[in-house]
């Protein structure tokens, strides 16, 4: 008996016996779009998801991180080991996650929050994208703690989805985050706060 | 001499609603058209096609194309039948392409071909308009019927909420899924009654037969009337259905 | 070949199921509320993109390109996934897919799995198959959880519990979860209850099972689009991840996703972007599962591909926009379609995936589905990949009546014969005028079957005393 793979491929070739003509994919949609000031738009769209978002100056970043964490009343924060040391502001307990010494899930679950950077941000949709690169850590890190504080630099913000995808490498583990976790499963109306972090806070630097 | 127009009355209107076809004739002649009614016409085959009997539809399409050969324009008081000819026929048989190109639904013909939105009509009643699905989505008549109605003197046009929802007719759907069809009709009637209109109008007698049949069964007193009959009506000659 | 579980065993034909659903006043209220909400929101989300129609055209073409060369794209995907440490399996039908998954779960030493909502696994009845094999599957999507805890069936592609309102959901949770006696019916509290209920399961699960929204043939990357974070939990925490994916879910390249990540969220939940989208490629050391299995599922897809008109149904990205705008779906709900795929897309997908069944009751259901539409065309207007659902419905109606000898086919043939000749048509018009004898004030109130199907709820106008053609001959002829 032939194996499933060759049977399925054989069925496909038989099904396409009519040789449907070559398809030319039209690409008339907007890859880039003038949306005015992308930082202003990004801020507005993130806020629209009921996430907390603030514009901050580069020099004031540590103080702003501190004020966010204080306002949120956290004590134990997790963060990837490669975030800049000056982000890890005083009076909080910082648990560092590193490839050689990953924190157990239980520790992530117990932490009050997580602080990361991001890879790219999309203004039109209010999305941040993590690619497990610099200052972002592995995926579980930004998933289990109930509070995610994310630092976005101005040069990481692009206007459209196509621009963002062009900056990303698909073979890295990617997470697109648009607001806090939410559901539309009750009467098709959006409610924030299910399994992922229920509180998302974004600091836009620059 | 004006444009040579063939009236494609549709089998339903011919049999059940001759007043509508007479109204089209009166209206188009008033606007200077030379109207003819090709006697060879019967049915466009839409019912067969939509119910899955394509081979019968192909035969009817071929003979329909022949019946309307040689006219500048073919005008139908039906978005659904005009849609069948224009959008489906070319897929059924090559020989129907010409009639497909020359076929118009009434409001399209008035606005796009004759270039009129004020047809000089007078109809002093409170009216609401239901855009039928095929006129809206297959032909894309858009605002044209409403434009025409807005120019009718004396007419009080009331917006129908949920207007673009199907009334539930759907040809044989009304029989094969009678309960679902009736549930859709019930919501459409509720919206019609909310407008407190005296008359509900549309560009298709099939949908009007459905909506009107429901309104009549419930003894609501609201009349269903084809758009053509409103547009044909003038102050001098108010439209009166044949006795 | 076993029975294809894409339809539920013993389901009646659509008109019969619809009759029951229509009499459920609560259901109709819930559906009208939910679909009206989402329709308005979708229209606003779509209006934000000036290039929406151009995106739809691209989406259609990309999917058509995939379908036209499906064999080579699948081979490319397989090679890319394998190169990145994933293991690819092929399943001809539901039974084979279920066997593969059950074997993999057992090899991983698990007796419990967490699941991300997936149409493919619902279509093959995976949960039931795992249950029979001694493995319990825990649905983690809120709506799936509601369906599972309520011993219910799904009624929507995106929101399987759309037929339930908040107080019904609260009642289900109260009776099936522990420690929620005081639960209120506010959506936020219900979501919180689900969070607490599933947290421990996520942290202890060894195996997760997901579907896939897209897979990139070039790179082997797999994409899951979700809202709650239950997807991320399943895709990242367990050691083993098994993804079951229909063979049509491919896009050729990474940049093709730029089209679908715009089309899908706005069409389905009417958002600019859904809260979470996860992309992974094979296995990444130190991040996420250590084992990744990808099961490629046929289960009727290749026979669908063989139909030149019907194959466009395989473009579907499961957004459910067509359900939300469908006037039939809005009245009957999803369960009347007898399948995990309800609504307009279900009416064209289910009969094609399930074709060839030898169960007469299933065959009758499949034949009834393409007629579950008034052909109003609202579905085609919103479909993000421009599936011409009305045309496919008509095409499948043709297949359903082909070669049948029924009162209907006889009537259709007779009507066609009559309409072939104007003279015969005139005679038929005259014959129809006998209806005038049973009419009152121009209305026919009651007809025998099958006319009763009309006159049960609607008056029929009596044929005119003089047809238009007769009038024309008399006055102008």
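Just so it is clear, A, B and C label the chains in written order, and each chain counts residues from 1 on its own.
Note that a residue touches a chain if its C-beta (ideal position, glycine included) is under 8 Å from a C-beta of that chain, and two chains touch if they have at least 3 such contacts.
This one's a predicted model, so the numbers in the text were calculated from it and none came from an experiment.
S.K.: So which chains count as neighbours of both chain B and chain C?
M.R.: none
S.K.: Between which chains do we find the greatest number of C-beta pairs in contact?
M.R.: A-C
S.K.: So, what's the distance in Å between the C-alpha centres of chain C and chain B?
M.R.: Centre separation, chain B to chain C: 33 Å.
S.K.: From the C-alpha centre of chain A to that of chain B, how far is it in Å?
M.R.: Distance between chain centres: 53 Å.
S.K.: Could you put a whole-Å number on the gap between the CA centroids of chain A and chain C?
M.R.: Each chain reduced to its C-alpha mean, chain A and chain C end up 29 Å apart.
S.K.: On chain A, where are the residues touching two or more other chains?
M.R.: If we look for residues of chain A contacting two or more partner chains, we find none.
S.K.: How about chain B: which of its residues touch chain C in the complex?
M.R.: Going by the criterion above, the answer is residues 9, 11, 13-19, 21-22, 37, 39-43, 45, 47-54, 56, 59-60, 63, 133-134, 136-138, 164-166, 168-185, 209-210, 212-214, 216-217, 242.
S.K.: Which residues, counting only chain C, touch chain A once they are in their complex?
M.R.: Within the complex, chain C contacts chain A at residues 30, 33-35, 37-38, 50-51, 54-55, 57-58, 61-62, 64-65, 67-68, 70-71, 74-75, 84, 89-92, 96, 140-143, 146, 158-159, 161-162, 165-166, 169, 187-188, 190-192, 194-195, 198-199, 202-203, 216, 219-221, 227-230, 232-233, 235-237, 247, 254-255, 257-259, 261-262, 265, 269, 271-281, 284, 286-288, 296, 298, 302-303, 305-306, 308, 311, 324.
S.K.: Under the stated contact criterion, what part of chain C meets chain B in this complex?
M.R.: Residues 14-15, 18-19, 22, 28, 327-328, 331-332, 370-378, 380-381, 394, 396-402, 408-409, 412-413, 415-416, 418-422, 425, 429, 432, 443, 445, 450, 453-454, 456-461, 463-464, 466-469, 471-473, 476-477.
S.K.: Spell out the part of chain A that touches chain C in their complex, as residue ranges.
M.R.: 3-5, 7-9, 11-18, 20-31, 45, 48-49, 99, 102, 105-106, 109, 122, 124-127, 132, 138-140, 143, 161-162, 165-166, 168, 170-197
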